[in-house]
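Shared between the two complexes below is chain A, which has chain B as its partner in the first and chain C in the second.
So, the complex of A and B:
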C-alpha cells in the first residue's frame, strides 16, 4: 500500500502546512503563537472537562464525517451534511415536544428513528435526482443545506419557539430532561457505545461486505461498474440514504444529548467541517475517527481559548478553511498534461 | 410597492455583480463555490482600507486587488496543484468568512461589526414619495451594475476571449488543440471573477449600508452561484435571476413586516433554493445543455474521490 502511505504522508504535510499558515497569520496579527498553542492543548486535553468536551464535539463530526466517507467512496459528492443534520435534529425535536408525556425510552427511540428518516429523506431527494436524471449532486445538496437551515429557523422562531426565551437568537423549548441521553457535557456511556457501534458497523460495511466493495467500485469507475452488471442507481440511492441517515442520527444525538433544545443556526460549520474531517481521514473509517477527535479538540479549544488569550473565535473558521483549501492538493512527480476526461454521458 | 421595488434593486445589485463573476468562472468550467468568501473579503477590505485612507475609491481598489490575489491563489491550488475545485472553493469561502471576522478583531479590536462613514456616493437622493422612490438612494454601483452586466455579455458572447473561454469550459481538449491554453484562460476568468466579487462585496458594505458586519454576506455568494445556474450561465440570464432573487429577498423583508401571519418569512427565503434544485433538475433533462462547461469541470474534478 505505498499509494496509501503516500497519501497519508501528503495529507499530514498539507494539514501541517495549513496550520503553519494559520499560525503565521496569528503571528503577524500580534498574537502569541506559543500562548495560543498551549491554550489549545489545555482547551482540548488537559484542562478540567476539556477531554470530555473534545469528545462531545468530535461526535457530530464523526457521524456526519462517516456519511461523507460513504458518499465520497461511491463517487457521490454529498456535501449536504449540514442540512441533513438540521433535519434530523428538527425531526427529533418535533417527536420529543409533540409527545411530551410518552415513556422516555420509547420517545428517544422514536425521535432517533424520525431523525434518521428525516436525514436520509433530505439526502435521498438529491440522490434520486442524481441517479435518475444525472442532476449534479453538489448543487442540489448545497441547496438542501440552505433549505434545511431555513426549516430549522422556521421551527425555532415559529411553532416550536420558546415563548419565554430572551436571547437574541430564537430557540425552541427544551425537551423534558427524561428524554436526554447525556447531561450537558454531551458524553455518556450510551452515546459512546452508540457512536462506537456505528463506526464499527460502517467499517464492516465498507471493508468487509460485498456491498462496500461494490460501492468503492462504483466510485472508482461507474462505467465499468455498470458493465460488470452492478445496479449503479441502487448503489447510489443506498449510499445517499446512508449518508443522510448518519447525519440525521448526529442531529438526534445533538438534541437528546448536549443540546436539549435547538437554537437557530446552531453549529453552522459542522457539515463543512465534517467534509474536511473525512478528507483528512483519507476517506477511511478509522482515519475519520482520528480526524474527528482532532478537529473536535480544536472546536473544544476555541471555546476555551478566550480564558487565556483574546484570540477571536473566527480564527478556527479560518483554520478549517485553510485545511480545506489545501488538503486535496495532489503532489505530482512531474507536471504532465492530463488527458481530458470525457464526460460520462459522452462516453456512453 | 415602490418600496419593494427599491429594496429589490438594492438587494439584487450585489447578487448580480457576484453572479456575473460566477458566470465567468462557470464558462471556464469552474464551479466557483468561493464566491461567498471573495465577496466578504471585498466587503471587508473596502471598509478597512476606506477607513484607513479616508477614500472609498482606494478602498474599492484595494478590495479588487485583494480578491484578485485570492483568486490567483485559488487558481494555483485547483489548477497546477490539482486540488479539488469544490472543496478548495468551500475552503476559500471559510477563509474569507473566518479571515475577515478574525481581522476585524485583530486589526480594529472590534467584535461583530464596524461602522464607516466612507461610503459610495448616491447620485439620486431626497425623493421620499411617488415612483421616484424606486431609483432614489442607490449607490453609484447599483447604477453601474447594468453596464457591467452588458460589458460581461459583450466580452463573453461577442469577443474572441469569450469564445475561447467557452471552448475551455466546454471541451478543454479541443481548446488545447486550437492553441488555447485552458489553464491560462481559467486564471483570467478567475481574476475577472475576483474583481467582480470585490465590487459586489463593496456594494454590500459601503453601497447599501454604512458598515461591515461579520458574516454579512449571509449566503449571498451561494445565492449568486445559484443565479448562475438558474440563469443558464448566460450573463443576462444570471442577472435576471439575480434580480428575481433580489425580489424574493425584498418580499421576504416586507413579509416580515406585513404578512408574517400568512406566509412565514423562511418559506419566502427558500424560494431561490427550491427553484434552483428544480432548475438544475430540468436543466439536466436536456442533457446537451447540462453538458456545457461539464467537460472543463470534469477535467478539474478529482477522479479519485
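So, the complex of A and C:
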C-alpha cells in the first residue's frame, strides 16, 4: 500500500533529520560530531554489553508503547504510561516484600498480576471519566502521572524504605534474588519470551479479532459505532484498562528484572518516551517494536557516551527531544486532517 | 415566475470558463468544459453524482486549481486556485458540506466571514447580536444568535452557511447543492432569496438535483455528465423536461439490476415493530415524543411525514435505542425492548439508515470494507475462535457491495472517497444483510441524484415485497406518496394524522403544518 510506504518513508526522513539537527548543534558547540556518533553506535550496538543494554531499555518502552498503540486504536491518547508504570512496579514491590517467604514462581506471578491490575486501575480512572463525562483523557492521564510518582516516593521513602540505604535518593529494600527473572542486565530468555508473546497477542487483538475492529471503528467515528449497536463506553473502558495493564506489566518486569528494588523517581522519562516510540512506530505493533529498539539503543548510548567522550550526558537527550518534537509536529498535523473525535458521542 | 428579458448579447459574461480540465489520478472530473454565465441571472447546474458539478463549483470558487483552462470574471482572468482572488473578484461560495467552525456561536460565525467586520479588535456580544439579528431571522427556525454552530440541527446549519455567503457583498454566488438538506418550505424561502439577489444584479450559479427545483428557480440550465458539459447553458424556456433528463442520464443508461433482499420474515402477517404510548425527553431542537403509537407489520412500508424538527429524530433514536424513553414501551419482533441496548435490537433484526449518512451512517476515514462489515462486529454470531480472517471480511464486504452496485476502486479506500449515492448504497448493502426484519430509513434519498434515488426507492419496495417491514421517515412528500402503504404525520412530537392511499396532498400538508389541531 503506497500510503503506508509514504508514512514509513516520511518517518525515516524525520528521524534522519533529527540526527542532522543534533549533529549541527553538537558541531556548533564544538564537540566532535564523528566521535559522538561513533560513540552512539558503540553504546547502542558494538561495545561489550551494549546490545543487551539496548534490549533492556527497549523492553519497558515496547510494553508501554504498545499500550499507547491500543489506546490510539480506539481514539484515546493515553499519556499516563509513566504513572501506570510506577503503579505496576509499586504493586509488584508490595507483593514481593510483603510475601518474602512465598514460593518464588507464585510470588512473581502474583506480583505481575498485581502490577497489571494496578496499572489498569490507574488508567481506568481517567478512562471512566472520559466515557462517562467526556473529560479530556490527555489531561487526566498526564496528571495521574504525578500522583503515581508521589505514591512511588511515599513507598520508597516510607513503609518500604531500606533503612540501611546510603544513596542520596530514597530507595526500597531489595526483593529476594529468587523473585527475579533476569540478572541486573535486564535481559533473559523468560523476559524476551514474555515481551515477544505480548507483542504477538497485542497484534492479534488489534488486527485479527472483532474487538480490534470494533476499537478501530470507535476510534474512527464513535457516533457511527453507536448507531451500529456498539457499546462505545464499554469499548472505551476495556481499551483504557488494556492500555494501563501493559504499562503496569512493564513495571513488574522492571522490578522483577533489572531493578530488584525501586528508587524514587527511577526511569523518569520512560512513559513519555513510550508515546514517542508509538508515534514513530506509526501506531502499528511491529513499527512500535522497531521504534522501541531504536530508542532503547539511544537510551543505552546516552548512558555509555560519557565514558568515551567529553560530552555531558544530557547532550544526547537532545537527539531524543528532536525526534519527539518532530514526530509530534507531524502527528498533530496528520491528526488535524482526520475526522474529529466527537466527544458527545461518548459522553451521551 | 417572471424571467427578465435577458441581457444584451454583447454583454460581458459574469463568469466565463474556457476548456477547464481537472483530473484526480485516473479519474477525469472535468474535461474541456467551456461555459459562459450571463450576468444577473440564475444559472442551474445539474448532473448525476460524480458528474463533476462540485469540482466545477470549486474551480470557480478558487478552491481547486484546474489542470488546464482558465476562469474569467467580468472579463478579467482569475489566477487559478486562489480563493482570495476569487473572493476579491466578488465570488462567494456556499459549500455542500459545512464549513463554519462548530464551536463558534452563530453571531461569531457570521462576523468571522463578514466582508466588513465591525472594525474594532474587541467585540461585544450584544453588538454582534444587533448586527446579525436580521440575517439570522432569515435562517428561519428557532435559530438563536448565541447558539453554537455545532448544536444546530443540519437543516439550520445549512441555512446558516447560505446566510453567511449571502451576507458578504458578493456579485456572483455559487451554491453547491444548497437544497439537499432543506425542507420544502425552506427551499421556497431560499429560492425567493435567490430571485431577489438576481433582481439586484447578482449572478447566481446553483447546483441542483431535482428537475422540479430547476424549473422553479433557474433562468438557464447546464448539464454535466461524466465531467463534460453536455447541454447548455440553455434558456429554461427552450429546454423540455424530457430533453433535460436525457442529457443528465445519458444514452442507454444501464438498467439497474434487480437487487434481491433476504429476510427471515415468513408468510404470515406479524407486527415487527410497535411503539405504545412512547414519550421521550425533548432535545435542544426537537420536541420529545408525546405518547406515540405506531406499528410496522410485515410486508408494509409505513411512511412518517412531517416538517423536519417535529420529533422525527427523537423517533428514530428511540427505536434505535439511542434515545431515552420516559414512558411507554418499544416492542421489536414481539419482545419488549424499551430499555434494551442497541446491540440487542440489532440482533432482533432492526436495521437503520440514519439521518446523517456521513456522520452516523459511515466512518469517513475508515476503509469501505470495515464500514461494510460493521454489523458483524456485534457479538451475536459468536464463533468459537475469537480470531477472524480479514480476507474473509473483505471478500464478504466486496461481494455485498458488488451486489448493491457500490462503485469503489478498492475495499481499502476510505469511505469518504465515495460519492454520496455510493455511500448510501454502501449503507444499504450493510443494513439489508440477511437477518433483517424491520428497516428504519431516515431520509434515505436526501441529496442523492436521480438514479441513486430510484435505486433506493426500488430497494425499499423490493424489501417490502420480500416480507420485511419498513418505517420510512422522509420530508419528501412525493417519495412518501409513492412508497408508503400507510402514512403518519408528525407534528410537535405527536402523530397528528394517519392516512391510507390514495393520499390527499392537501390534507397531508395541512396535518404537517399543524392546521389540523
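Everything that follows uses one rule, which is that the second predicted complex is superposed on the first by the 326 of 348 C-alpha atoms of A that agree within 3 Å, B and C clash if a C-alpha of one lies under 4 Å from a C-alpha of the other, contacts with A are read in each partner's own complex, and residues count from 1 in each chain.
In this section, a residue touches a chain if its C-beta (ideal position, glycine included) is under 8 Å from a C-beta of that chain, and two chains touch if they have at least 3 such contacts.
Remember, predicted model here, so these are calculated numbers, not experimental data.
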Please work out whether A:151 is in contact with chain B alone, chain C alone, both, or neither, and reply first, second, both or neither. first
Touched partner set for A:180, first chain B, second chain C, both or neither: neither
Partner chain in contact with A:216 - chain B first, chain C second, else both or neither: second
Classify the contacts of A:227 with the two partner chains as first (chain B alone), second (chain C alone), both, or neither. second
Per the overlay, which chain contacts more chain A residues, chain B or chain C? B
After the superposition on A, what does A:318 contact: first (chain B), second (chain C), both or neither? first
Applying the touch criterion given at the start, work out whether A:275 contacts chain B, chain C, both or neither, answering first, second, both or neither. first
Touching A:208 in the superposition: chain B (first), chain C (second), both, neither? second
With both complexes overlaid on chain A, does A:134 touch chain B (first), chain C (second), both or neither? first
Overlap of chain C and chain B interfaces on chain A (superposed complexes): 338-339, 342
Inside the complex, what are the residues of chain B that reach chain A? 31, 33, 37, 77, 80-84, 86-88, 90-107, 111, 171-173, 176, 214, 219, 222, 226, 229, 264, 266-267, 269-270, 273-274, 276-277, 280-281, 284-285, 287, 290-291, 294-295, 298-299, 301-303, 305
For the chain A and chain C complex, residues of the former touching the latter: 1, 204, 207-211, 213-214, 216-217, 220-221, 223-231, 338-339, 342
Where on chain C does chain A make contact in their complex? 320-322, 341-343, 345-346, 352, 354, 359-366, 370, 373-379, 386-390, 393, 412
Over in the complex, which chain A residues touch chain B? Could you list them? 25, 29-31, 72, 75, 77, 79, 125-126, 129, 133-136, 138-140, 142-144, 146-147, 150-151, 153-154, 157-158, 219, 269, 272, 275-276, 279, 283, 310, 312, 314-330, 332, 335, 337-343, 345-346
